[in-house]
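Here the chain labels run A, B, C, D, E, F, G, H, I, J, K and L in written order, and each chain numbers its own residues starting at 1.
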């Protein structure tokens, strides 16, 4: 799972139900699918000199597994934990192992939604948080990481 | 106070104590002063086709006055309410009058700080929130607004 | 996974530990196994002109996957989320995608049990809730759905 | 007030403002009046071999009186306590005297409404609860009681 | 109970213990009795072109009955729910049926009294609230209703 | 309702469901009926030189009416508010009018029961409270009042 | 700032953002501007034999200054603290110095709005509160003060 | 410490600061000293056929010691835990060892005092509670115990 | 999965992220890997006459599956639920099925960590809890179970 | 604003409404005016070898401005934040910039007043707090600072 | 225990663990022992014309005893209740008996420590509170008392 | 109180009511007395190369005294604070002075008992906690300490 090129690697993790992006209610969430988001992140990454890998799962355990597998392989991580934002201590604990900068992102403004969505189990261990900007928020998150990640010299 | 050029205008408001940016504890907050931040926003704005105005005050009332004066003059607003984030209903009410997209920004990750800083009186009326990215967060906020603000044709 | 006949389809989802039904403590929960419950639902469905599919898992992610797969395939859904009732925002989010009537059911009266079982993450997005009626509650839930689901004409 | 026939008796109690059912806002609550609900319960009861008596009052004390008068006369009780659901300890205490199975019913889904409607003073002493099914919920409640009430032999 | 004249009708409801007004502790509550208050409201109503009916009860159920009976008969309602302010969901539900402007009034300033008097079950469904003005508050409430009630043409 | 003899009068008020005393579950509450309790209070009163009147109702409003009617007629009052203990501000307000010593009594130890029974709306306006002593508590309450009520000289 | 005539003086204070009244969203708040409100209060005052002065500021400190300057100059005060209602202890403390009757007014019904608007820092030190009546509430407040303010004899 | 006579023994425990009874503020607490209270309890006990021992301490540990020493020596216990009422789990635990009826007594009405005095660590393990009756409460407590304690036959 | 030998069987379950033990931050958690812990438990078990099986997963559902599979196969269970300690009702429900003694163990002292780690969903259904002793806690837990588990005679 | 002499400088800040000291209710707060307090502090400072500057404002923003202007000019700061004690995060943030010992003072005992006055936003960043000693508290605060401030050698 | 000289007497009470002052962690708490503190208070007292007695105990009961013994013997009291600050109602009750000015002192700033140390059971009955000034706080407390205690004339 | 031999010393402290161990309710707590527990700990200690001293008191102050006397004398401490677990800040403060590893032990599972027993004032300053294992828990605690205490060389 290690990025193959000599570019600094960024892992992007999408939480539960994000695989439905662009397939349901395009009038609300837009017509962009998760595949298109991921492709866009890859291109944006290249322009920033970053190698981008992506992962989506509806299973908390699978996300924990993926984060553990990322140990030592990436310079930064972007996570949209979706529903797990508010409840998953296991993802928090896995992220704590990584010791790399993490950007938490939410498509919607979580403060406009139900009170149980106002609390994040991730926020205080992340570098920062971006919310409410829709899929453009992923681009901002990548820029934010590019701003703190040092280029690696693998030659 | 209306932007003079035909570019869409963005107002950037800095709350209390942000005038000290770069003058105290550069090892923590960096050596960039607020003037430099504002200059950078102006340049970034130009590259995005946006006219950027800035304002800072330690006085809640002065910020309310400035927001009211912005009525009908701008296409978007960026606010770092600093200490007023957590207490100012007056600023919230003034922002509600504007009916333009608002991006809330915090230099530090407010979820790593005292519990009274976790609650924002602005978050649920903003388009979105960016926190923890330092002064680079202003750049991201400007990009986010550029992404939603339509170019104006003043000819 | 689409129901094959021209009858309106109902999906029944059983949450964690319900696979043990009838196998443990029959003096408390009765001797009816989950297979027998499912068979009974199939028969009752036929008498009501409904096609019934069932699913059980101890994995939150598998339940989310199954709900997503149900998109566009069913006219109604019955869910006994068991332990996930009180904690799973991911299941809530998946159910929100379906836009079909949902009946939440609990075998026991959750208000006679520990306080953490009094709160449901599903209740406010369901059509209604039935609790405390034992396995007979499934029959009631199916009748309730039959009462609101319109017959489909697939001819 | 004792049921005259040799059938097991079921008492149905309707709380405050339910006398207005079908008379106001038929587009919301339907056009069925309480008299029609009661008539339907009588017929459904007969088909299930149950004698059904009904009672409505806007007075908490009158409901307590009626429950006390039911002592030893019925095999089951259905109650839609309406506004008294959330506040009446007196009705709870009266119901506790009866020692017969009780089904609590709400026309609307109380978890979609104001927070003060989420708490029931009756739920933990009832056999079970049915909510959100409209007037059809009464039919389900009667079936649920029929399922647990043993036929009486008064010959 | 319908007002006999062609004037817009206003119903005034006094809650529990208000029948003792002027009979106990005149040094505190003044020497004006409830009869005198009602007479004054009648006169004030006439000067405003309003027909005023009044009702007092110590029985929550009787107040609910009276509100139901008012359906379609009045253009506005003034209520001093007294002790029921803080607990009666039944009165709230009855008032919700009316669909006419309601003014809530309290003789004393409820925010100077015990904390359990600070919460009103009526306030958020009323047009507005007047408290602390003594019996003069009834006059103000009538003026407030006159300001929003359209004259009726019964000719 | 005024006591006819020249002895100081004590009014004893029994709240909802206390009319069932001794008729249900004698193994728990004992076999003494409310009539026997009242008769015993009359005799005990005579031995203490007190005239005792009693009243029971399941209707909060009727209890408020009875308390208002007691104005100026009694030297003391004993109240077992039962279920109304925890919710009735109307009874509290009526009792506040009396300006005579009040003893609150509970047959059971309310602190051994559900949390919602731990809070009394009467306790802080009573002289004192006696709980957990069963029907003997009435006798103690009468003694307590006899200890503070001055003999009246009606000659 | 002392009223020049021999009439009892009333000071009316408008809190933050009220200077925008009538200038924004007339379909919601009406087309009446604050100047028109103030003019109307002057006229109404004259008809009641009261001298009315008015003041508006978006600055909490300026409102505190104005209240202090009112010491000994007015017989009553009307305040619509707007956003400061819920947070300003400084205004509360200044008002406490005045020792004159104060009427708190809100244009909207604050109990229909966000929970943080339900708490007033002023309510328990005011004579009373009027909310939800729109700009007509100012007229009612003036009448309420006229009812308690004694005419002054400055001759 | 075992009672010497063949009468059922009652231990009376007075908590901290009760040794000052009658010595300070007689206008509030009366002029009766603790010695006089104890003497009165002894006499009252004799008239009821009970042997009464008393104990006072300002030391929680000493009270625990005394309760432990009472094991097997008494048929009932009266305790006025005073300040320890609200905090001492150690006294609660010691009382739990005794397995005899316990009456908790407070001279003042604890519900009229500071909120921290409303919670008792003893109430739910006592037979019952008497509060607000002053020193006469001890007499009532003794009567209450006499009512439940069976005479012992030590012959 | 049944232990093959005639020794009483103990199942040891390790929750999420414990597979990383000894692989990350050995200076904090020590250099012992989970494999070594498991090996050590096997040896310790033998010395105590116990057969030890172990299981680790990052998936809540997999842990529920494993517990269900343990039904009737073990005399005791040790569980370090890690992040699931604080949130998993599903694991609680599965453990409740087993009816064997359970020891809950935490490597770190959970009371020194974030408040959300202070609450355990398992603690009140376990025999007991051991925390803060590092990997040595597993040895203590095994001894504790050995102390209560009766030797089995499978001959 | 820098102290002109070679003495260590102390800045004393008085919050809102303290300018009224001695001018209102001298029977409560004493007849000492703020000018007299400041003069006394100057004299006391001289006797302690300290240069004392003072500042009062009703404007939170002005106090923030003044604290910022004090950067690098003083060895210690005394602040009586008055009403801002409980709400001003902006003042807290400004004080945090100073990095000099701060003594918080309150004339009255804030724990005897309304609950909202019990919480200080300043207390945990101050050296210490003095409350309840009236204007003499300023003298004590100055002594406390003199005890920790080192003499400066500006020669 | 009465002070022997004709000077006004001040009693200083030190709570639990303060006997270890200066003996442990001198780098934190300083090297001053409690004996030295007491000696310093004696000298400072003399210079202020006050007779100072001191007392320390780790036993709550002993402190209550000592306070009771102080009745009528002192003109003022200084107490550092240490750990008992937050829990001892018994000490509060004893202090309430004294009717002399009390100054509460804490060596450390209790608002910088664990939340359970922020609440004082003494603060609202004391004249005032001094915290965070180390042992110098005792000197300030003595000065504060000297400022309010009138010289006694015992000649 | 220093251990006489050259072995590392362990102090074991038993809180209130533990002196009754084995003397009351042996069917619940077992027949082992505290003396037998202490003897067993001595023997176990010897086998582990540890010198064990024990102490029990019902007096919080005596326990504080004993802990202070332990300063510099022991390598580890085991404490079963019993009722003081939940309330004693004084014991916490004394333990904080010791700077040696502390193991907190509870015979019963405190999470199965009343909610006020779920909070420990000691847990976050201890090395770890063992609960629910009965008197065997002392043995485990001693082993846990042996695992961290280094042998001392007193030769």
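The rule is short, and it goes like this: contacts are C-beta pairs under 8 Å (C-beta built on N, C-alpha and C of every residue); 3 or more make two chains touch, one makes a residue touch a chain.
Computed from a predicted model, the values in this text were never measured in an experiment.
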Along the shortest chain of touching chains, how many steps lie between chain G and chain L? 3
Please state whether C-D or B-J has more C-beta contact pairs across its interface. C-D
Same-site or different-site touching of chain F by its copy chain H, using the half cut: same
Sharing over half of the contact pairs with E-G by residue number is what counts; pick that pair out of F-H, A-I or B-J. F-H
Report the inter-chain centroid distance for chain F and chain J in whole angstrom, where each centroid is the mean of the CA atoms. 57
Per the C-alpha centroid definition, the whole-Å distance linking chain C and chain I comes out as 33
Averaging only over C-alpha atoms, locate the centres of chain F and chain G and give their separation in whole Å. 48
Would you please write down the residue numbers of chain K that are in contact with two or more other chains? 59-62, 87
What's the complete list of touching chain pairs for this entry? A-B, A-C, A-I, B-G, B-J, C-D, C-I, D-E, D-F, E-F, E-G, F-H, G-J, H-K, H-L, I-L, J-K, K-L
Contacting residues of chain J [partner chain K, same complex]: 109, 111-112, 120, 123-124, 126-133, 136-137, 139-140, 143-144, 147
List the residues on chain K that touch chain L in their complex, please. 15-17, 19-20, 24, 57-62, 82-84, 86-87, 116-117
Any idea which chain F residues touch chain E in the complex? 59-62, 64-65, 68, 71, 87-90, 92-94, 97, 121
